[in-house]
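Worksheet for the structure shown next.
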Amino acid sequence: MIRSLPYSKTYGLSFKLYIILYFTFLFAPLLVTCVLAFNDSQFPSLPWKGFTFEWFTGNLPERVGIFHDQINLDSIWVSVRVAFFVTLLSVSVGTCGAFLFEQEDFRFKPVLYFLMLAPLVIPGVILGISILMFSTVLGIHFEETWKLDVGLFRPGFWLVVLGQFSFIATLVTLVVSARLRKFDRTLEEAALNLGANRFEVIWYITLKFLRPAILGSAAVAYLMSFENFNTTLFLVGSEATLPINLYLQVRDGSTPVINAISFLLIVGTSLAALANLYFSRKETQ
Amino acid sequence: MIKKILCTTMFVSIALAFTIGEATAETLALLTWKGYAPKNLVEKFQKETGIEVKATYTNNEEMIAKLRATRGAGFDLAQPSQDRISSVQEKYNIYQPIDLSKVESGQVISSMLEAVKKNTLVKGKPHAVPFCWGTSGLVVNRKFAADVQDYNDLLNEKYAGRISYRLKRPTLIALAFAMGKDPFALYGDAEAYQALMEKVGQAMIEGKRLVKNYWTNGDALLESMRSGEVNVAMAWDGAGWKLNAENQDIDFLAPRSGALGWIDTFALPAKAKNIDAAYKWINFILRPENAAAFTNMEKYGTASNGAIKLTDAAVRGNFERSFPPEAIDNIKWYPPVPAKLEAIEGKILDKVKAAQ
Amino acid sequence: MKRQTRWGLFLFITPVLLWLFLLIVLPHIDLLIMSFRTENDSGDMMWSVSNYLNFFHEPIYWLTFVRTAIYSVLVTLLTFIIALPVAFYITKVVAPRFQGFLTLLLLLPFWVSELVRVYGWMILLRESGVFNHFLLKLGILNKPIEMLYNDATMVLGLVYTSMLFMVVPLLSVMESLDNSLIEAAYDLGANMWTILFRIIIPHATPGIVSGSIVVFMLTLGNYLTPNLIGGKNSLWFTEQIYNQFIASFNWNQGAAFGFLLLFLSSIAVWLGLKLTKQSLRKVVQ
Amino acid sequence: MQIDLSVRNVTKKFQEFTAVDSVSFEVEKGRFFSILGPSGCGKTTLLRMIAGLTEPSSGTIEIRGESMIGIPPNKRPVNLIFQHLALFPMMKVGENIAFGLQRRGENKTVIKKKVQAILERVDLLGFENKKIDQLSGGQKQRVAIARCLVLEPAVLLLDEPLGALDLKLREQMKVELKKLQAKVGTTFVYITHDQSEALVMSDSVAVMNHGEFEQIDTPQNLYNKPKTPFVAQFVGDNNAWSGRVRQCNESTIEVETVDGFIFSTKVKETLQPGTEVDLFLRPEAMLIQPDPNISNLNRFEVVVKSILFDGANSQLLANPLNADTELLIALPQNRQYDYIQVNDKIEIGWDEESGICFPRK
């Protein structure tokens, strides 16, 4: 039963056991990945052959650590840049969307709202191929009619950004909308009453109120972009993002360098998550 | 305060994103196979020319698909197999003719150059120069599978659970040869080809439960052969010889019905940006000492004239061990693939993959 | 005042319209058009339904399709069954001071990219992997067995991958369940199962539906997990799409497959909403 | 008379904190028993122990002579009406009421009949298919009661069920609950922090403070003869003075208050001169401008600070002359005292019988 009710010892114990099993299930793969990043072996598997940092710092032909692995480093950098632009775009458009659906009234609003939700129901792979095909059609059209070769219309950095943006923006819209719904509109009226115009109201009052939601959704957008695979797979050009690059390596058979990258990702994101928690806790206090 | 710091770092990172991302040194975007751009050669090339090589590793199908999607842009140099160029080029126009005057043809074995030129002729212009060659055959761990002779041992009950091959067209063709047919002779006759392939597909479905996994890239196979998870595999000769260097039990075997010979090439994507760098790389990597270094590492034969003298004795030994003279004559070289066949093969491979 | 609001509308609606039309609507219309085009014998494009006919005539295609759908439902169901006690434990059973910590712990693995998580499972389960290593050491096995590359492992991987998207909505919906409802039911003579089926599940329906939709969608559209740990038998429909694009160079056939998958996911979501009498708008909030 | 509920020496400890400290009481069949106490006094814990939702650390609880220790709530013949009612929003009114009967596995026609009967009894006939959120506050209240009563419990426990209602409705429901209890004859155990609810409805009331019962008595006795200073202050309004005993003869003592007045008042026990005492005086015990002919009155003068008009409950806020003690004095609205203005000096008198005096501990 629940904590306010008395319950038997067996019930409590078996529930606890279940939770422990669940968390083991959750963490086992990550833990193993991290530990084997330090195994002095050519393959990411047991037996344990001793502790080494070489998969991070090594620079031998047989054993190139992550800090010297140009391809992986490049792909991390690509991912960082993609995630940055995706976050920027989706947060600005998503916030516009939240204002549009929460505060404005116009014809076809339900239709547009439904369209905005659509990316939630479209599998990422489909989103990827439809954007790829559409951009190809546009690209061929531009080339044949105007002899223009537009880089945006073929797989590459910016198409990846657009593809990821197309569904992450929905997420931002929903998160910011939820917060905007809690906004007391009399505050706006008060500001208007005190002589502010609509944009000043939005800038000084509403956006300040929305800040936690915007920052939160930006963090989520960043992470989602950073780890997106399905949509990116079809849109990637010569600059592979980290997940794509890792996928090719894992598929090809892996060395502990992937463990080393995973270790850095796990530690990095855990720290980010903890920092996020710390700040949000501070804000609520 | 901390927020301010975060904001500042954010904006610094934008600034960096633009400066580092866009304005670095001259680069060469290379679309190639794993192992074809070894780290030490890339570094040497950069030292020599100041050009940074950015390699993307892939395989024939993905190479074509990628170039088709970008309509030949995004990469400066690609390395497809010679048989997969002409039909693709006719259909999608993703390459540009190669200017042989810019290639130091003296460095290239002339018979190979001529063959590739002929096979990649589209609208009267050649589209590729050879880089390396090798064969597909069997890689066998003799300790556990002493009597393997031919491709049909890939369907042999004896090695159940210890077999691996790629779910790609070479496997279909190899098994067709093992059945005593000549699939290359049927390239012109789509219907007969399809009938043959369906027969092969059926055999593969029946033999499916014997397969450990369908490997997708060389490293994966190397790993499972090293660990003993796989004892019989269809793979490239280079892979087998690499393993032989580590473990004498494992070696490449030219199958009785003939190893499949392939030549990987250099081809220029239609919208390559840095063509000069591409030619520089071609000439650099075909230079005998560099080609020999490549061969020593990856064990594949090179198209570089004179490199053979510079390769390790072990590498030459490999070849002599696996290819007695009659086996060399028996190598089946891939002719250019007509466009239609890929769809037929694709469907059959899908069927094999989906079968239970 | 009136004019200002219109300006606001214009400001908000432009980016949203650009986003939705250029990246969602038009690409999908293009996808639909492409799926009805095919190449005739002389290599010209023409209108045809042959791409769809191919799908129905060729058992491997529709079998994979059905298989993908069934497995996705199974994965959704399993995810729900596993996640429900966890959400219940964290919101209702464990002492409140551990609640925040456990929630954080729960979310942590999902900040790490899907690829890393799948990779972790590969290291654990492969024939030369960590599990086999320990089972051999302990003498439970005398010969390593391959745990990767079968359907059960693939389902495990898919469940693991999508767990978060079930747990989070369940947590929030359970949080809103008033403890006194459970106490009242208990007081009125109900046992644990009655409480589960009459009180907890009816209350949690919106969360269950939204979690299920997301999990189903993600599983259906997943490419990584079936591809990497599914092995030789597990053809997933997204792989069919990928193969059409990459191996067979048949974009039109791929477009038709993509559209069918989109159709399947929309139907499934619609059906899920109808059966549970929820609305999409409510569920996403 | 049959004893429906008997609680003996029940104690509940949460780690260091003792929520309920050795409480004992009995409730006879058909009685309306209230437990009155400030929030945090342990009354909800006590109620939950009776319902079985919390286990006592020690002591026994018997219902109709059977020990309830170790019996889970779903097996006890008691039902609880929750503070916020806990009606199941996912079920209709009829389903809510039928819930408990279904758990007992009664057959469908019987359930239907019983649900109809109980709906009629609580005046909600025809509401069977309404959703919970379509009901008004009072109707929800009645559904909650019906949901429990339909199970014919030995004891019905109510946890401040009127707390969430607005004032007017609360007044109305008080009377309705009392009538309903009389009609069904079920034993009610009612907890509240609102003294008026307890006094109006109950046959007897227990006043609880810091986990202990201070007094169990009829409402009249609680008001008129509080046994402890806490009861005196918690039940009804009271003016409090501290002072010291000057003289004591038998049941009458003379007290000198800290602000210098000398009053005589009755006590139950003899107190030694010099004992520190608290003297309590109800507002209505203080007579304004009493008839000079009445003897035995303690008389003193006050200055009116403010007139608190509240209809029949109107009061004067006043200070004794030359002192800061604030006094509340009942102001009967019989037009007799309409002349009183702020800052008037008036005489107050009170009978020595109406003072309540406790030695200070």
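Letters are used for the chains, namely A, B, C and D, taken in the order the chains are written, and counting of residues starts over at 1 for each.
Here, contacts are C-beta pairs under 8 Å (C-beta built on N, C-alpha and C of every residue); 3 or more make two chains touch, one makes a residue touch a chain.
None of these values were measured; they are calculated from a predicted model.
Of all chains, the one whose CA centroid is most distant from that of chain B is D. Each chain gets one centre point, the mean of its Cα atoms, and the points for chain C and chain D are 57 Å apart.
The distance from the centre of chain A to the centre of chain B, with each centre set as the mean of the Cα atoms, comes to 34 Å.
One simple way to say how far apart two chains are is to compare their mean CA positions; for chain B and chain D this gives 90 Å. The set of chain D residues touching two or more other chains comprises 52-53, 72-73. Annotation for chain A: residues touching 2 or more other chains are 4-5, 43, 45, 234, 251, 254.
Shared contact sites, meaning residues of chain C that touch two or more other chains, fall at 126, 128, 183, 186, 245. Chain pairs that touch one another: A-B, A-C, A-D, B-C, C-D. Residue ranges on chain D touching chain A, taken from their complex, read 52-55, 72-73. Chain A meets chain C in the complex at residues 1-5, 15, 18-19, 22-23, 25-30, 32-33, 36, 43-47, 92-93, 96-97, 99-100, 103-104, 106, 112-127, 129-131, 133-134, 137, 162-163, 165-166, 169, 174, 178, 197-199, 202, 223, 226-227, 229-230, 233-234, 242-243, 246-247, 250-251, 254, 258-259, 262, 265-266, 269-270, 272-274, 277.
Residues of chain C that touch chain D in their complex: 178, 180-181, 183-191, 194, 198-199, 202-203. Chain D contributes residues 51-53, 72-75, 79-80, 82-84, 86-91, 99-100, 103-104, 147-148, 151 to its touches with chain C in the complex.
Looking at the complex, you find that chain C touches chain B at residues 43, 58, 60-61, 63-64, 126-128, 146, 149, 231-233, 235, 239-240, 243-250.
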